[in-house]
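Each remark here refers to the structure printed beneath this line.
A, B, C and D label the chains in the order they appear, each numbered from 1.
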């Protein structure tokens, strides 16, 4: 690749800002955490904050610096074993459920590792990397942003296990909003449409290729389901009626005795919920969050509706600006819907929206060669697609084509729902 | 419903033959089983043969006779509790993993229950049931056929646990076939096609509604993957290379140490397999069977191909007669492919073919009201669609639109695969 | 060994009667069982009746006939693998929790195996075995008697899992007895006494050697604890007060939610219990049974007493005839105490009595060489001694020195208790 | 209680020194630990260092200060819930396996809690507590010493889970000692002896009452079993011969695949072991440690000996000064035996010695009233007694009558063995 020097310099300056901004945000997220907070692991699904901070740095060291920065000195040879995640190609790994036992290296040592890598990365970026390398760095930034969201949801889960219910950020009064009123349903014609990423700008491998799909006419709610609506479902026995539930979902009910969303607690007849700002009363007007796919699906059955497919969701969001309550604003809780607009509201931010689409490869999808190829393809089994981002998602991270995915029993993400129906 | 007496009589005569034929086949399947064979349960996924024989009869008693046959005397009031399966609407159930502890009622008592219900059913059918009732009886017959296949696969699993490896039917030499040679790939144009059942003749609820779907050009193998090909995969380290596997599949490998299909045993360097006719040498020319979705998917990756979607499979089978190695012939093992025909061979019978399609509701699918509504919809999560039937499927049971489904780790069904690729 | 021919002949005649009587009793116990009843295994602690019938026969074939009966033809070579139990020296074994999957060989085949071995055994006994061989045959008879009791307790456990609650023997009214009144406490001086078997007559290895032990003055109840007393414990919150319980016992309460002895069911406010004669009302005057060591110990704490040690029990029983409610009478349930006698009543039969003594080797105990050495020594860890036999123990099986042993959480034996206290 | 003011003052001065010395030692043990080190919990059997530091302080606050120090201000009301351990009488507890999730309060906060309690305790002690209160404070000191040892063994277990194998204290070369040569066996006559604490000076409840017991003549090894001897056992197939093992021990072998003591690693053919001073070569002359009761018992069987009973051990140690390698010296590893003395060596310190005695109540033992009564009695089930203290035991903590106890599968304590045999 020869390249245009001027363009490369401009690119490199943008990339430098991007890299620096993403990395700085991680540091900022670590701010409220003690060494112990950053070390503990509350369940096998979660990772310690220290691990998120180190693993994302390991990505840059292993994927970018080692093959591309001659003379780069590895910070600590043991880190490859400690902070590799699922990349089977790279070698043996520390077992995931034991990540919380890595009290050393300390949080300070991890921050030093980050600083060491940042120096080398900034030098590499200043050198004007070629397009492939710049793309890889960009991938590393998006990868780090994914872990920024997980760091928040994992810390929330950790703090929720503690009887003292620590607040990640200081509690802050939230103005009680008016109820957003009944949802309106926006109609779409469907037809033979195209969805998926078309290749302009960054996207994860699983977002493409862009492809045709046939969608029947449908209607989709113009806002997210609220806590008030969820309480009506609970009051009506929603968690006790097996006919509303998928068989595996009912199995979860019987095993885990779910009676409310994760983190909800009944305190003398009022619902409170653990949040990143400590225990707070449940706001009836705000979108429900921390519900599993099974719960979302059961709620939709109870409401006489269904969840949208990911194609329907993508079609409905096509003309909606990517704007909403993301993590940058620091609210860290979903926000009640604003006034009706005639179109879909709350498509981005607030809560990830469960769709009824299993996470499968798009037609024509190919797994990339090498370690980067392990990115998303290997998870295309047993998970459902969520769309739109949440109040814990970094600000410039999602797109209309963005596909998040989790197993249907998971509840520790900021996951909620929007209803749909056949037209 | 007034109806046409002549037509009803003819219908009723056909239905009577159908009912009698299906019920007789179950009795015949029970023939080689002792009381103990019919009682044992080898794993939570399987049910005792006695349970299959009773549960299918319970369906007719509870769904058909009790609401429709005035004066019908229930055979034994406790059977509703014992032999209800997943019908949460009908009441409490005996816990599934403990079905093998029901040593009473005996196999003889279950056969008496069957005879009692058959007398009442034959009388009801002779009375000329209206269309809705005839449809319900037809559903009961198809339901029983599903359990006939499960009875065989569950007995095979049970007998495979025993060190004495009992044969369900007498071993019988199988002529060693010539290798079918390389598979040919048959090309299809795809486009905006229709799949699903159109309403003529019986189909399960999940097979409809018929609907449009867009399919890109593809090519599909004209025969099933053989044991010889599978051995090449094994020899090439297929079970040891994590890059070929879905993450959850690799987890199965690590946990269960799979190194070959279920029931295969290495005896002094030669592969043998437990079958319904006892331990037999693996026939290299025959289709591989008893592989999980995870294995099928890994094999396809290794071969540089992929599994077909269910839409592709249905398109490819549209003009193929529903004919093949089903259970009726008594072979009870998949048969090597016959000579090339220019089109897809072995589409029906031999082995169920894993598709890459998760089992999801077709657009417009609605769950029926009442207990019958619990049929398929509640399982639309975490399972993959298999197509085409197997050597354990009753002869007149499947269709091109038939959707079978199992979790991706299951191996005790006669499940195999056919490869496909993008055109 | 030369021996005295006359004495050997007499011995051999006695041994022949003994062998024939024990073996016949097993056959009689199998009488009420179907092939399926005899095959099922309700938990890992239990074994199928068929297994008990075969394993005891395997003992005679493997330990007695194969080394001592020239020309003996092994009935079936696979049985060594199937019916060996814990004898690691003899070779690989079928995994214990999967014994219930051995539907073949059938109960009839096992009975044929028994007949085959009996013919050879009777011939061997008629030949006048030497003393060592006679002792081994005697050991085999006592071994079979142990399994006769387990066969009954395992069948009771199996039938209790079934919603239809089958009765092993026909229900039979039990005359309601008067309450036996308060227990009296019989005082013993103790001192430096001797316990253990002195070598005259048969005893298991763990019953010796006879040895000195120092016992402080104590008092022991003259009868077993009754169901009425147990109900008082329950009513007083015995199952809810952690201070009454050993830590591991309280763990069982929390995990298994015990609120009553095993098999008890509250039917409209009255206590019923599953028995070998089907569901029966709990008789308040009869001894409580099916309680664990943890429960027995907690009851004793609640009563302000303690369980006796095994030395105390053996001292107290020294002059009591070995007589009581054993299995031979066919009652198969413990019997209320008769009128006071001034000494300990119910020392033998009715229920095994938990002592507070862990099962440990007596001073000077040595494990025998070879497979017979695996008999009891390897279980001397984590179990408590029970004394006196039960209503399911064969009539001529126990002695004052007999040591039974089970883990402290086990409840499916006929296990009860008698209180004691320091003088 | 009136008391003698002079004597109380002297007592109080001694008690003050004792309290201060014990509390200071805990602080010193915490010195090398980071906040994260002190928070993590490596298994359910272990507790975080922070928990040990807080729980021992909670004992003084709850048992001593709250009932006895008017005006005492509780440091933090939530700590009762967080740092109560097994005292069911005191109220609900944080679940033990989740102690590692308590990242707050921090180590610094726990140290502040300690300082707060120490101020109040010192004032209380200066006031001259009466005898009962002084005894309670003494109990608190001994309780804290028990946790000091656990803190060390739990940290060792935690650090052994980390691939970087952190050293708790700096590695320090250990002079390689000469092999101590064959063990001599010291003979004891036994007879009707007395064991147990006689009431002079502090002892835990379970050490008394002193009582008669009959001991047969025996011989006991004059030193501990060494690593060299253990390697001979390993080389001779000790871990592969089921006949050497208790049945439950063999179960552990099959489940956990033990092939060497805990923490041993084969590095290129040489044995290394994780220690509190990091990975170190195994010293063949030093006593073996980190073996379970099952292993100790199997080794004794292999050696043709047995483990001593606790009565034998106590008799053998009666005239041996309580002196040896305890934690105070800072070696933190067992030391090879010194030259023969004609009597038993290494009876105190180095490693806890497994005895063959289950942990049971001594004759006449009564559980005390109230929370203190929960001390030891509730653990008298399923554990074996260990004697003599270890290299991690505080210097002035054990006595000849001291009874430590653990389940027979536990290996993370400094547990070893000494052989014995019948005379």
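Heads up, the rule we're going with is that contacts are C-beta pairs under 8 Å (C-beta built on N, C-alpha and C of every residue); 3 or more make two chains touch, one makes a residue touch a chain.
Everything numeric here is computed off the predicted structure, so don't read it as measured data.
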Any chain in contact with subunit B as well as subunit C: none
Chain separated most widely from subunit C, comparing mean CA positions: A
Cα-centroid distance, subunit A relative to subunit D, in whole angstrom: 47
Centroid spacing, where centroids are CA-atom means, of subunit B and subunit D in whole angstrom: 60
Chain centre separation in whole Å, for subunit B relative to subunit A (CA means): 38
Contacting residues of subunit D [partner subunit C, same complex]: 86, 88-89, 192, 211-214, 216, 242-243, 245-250, 293-294, 297, 356-358, 360-361, 363-364, 367, 373-374, 378-382, 408, 422
Residues on subunit A engaged by subunit D in the complex (per definition of touch): 34-40, 42, 78, 81-82, 94, 98, 100-107, 158, 161-164, 166
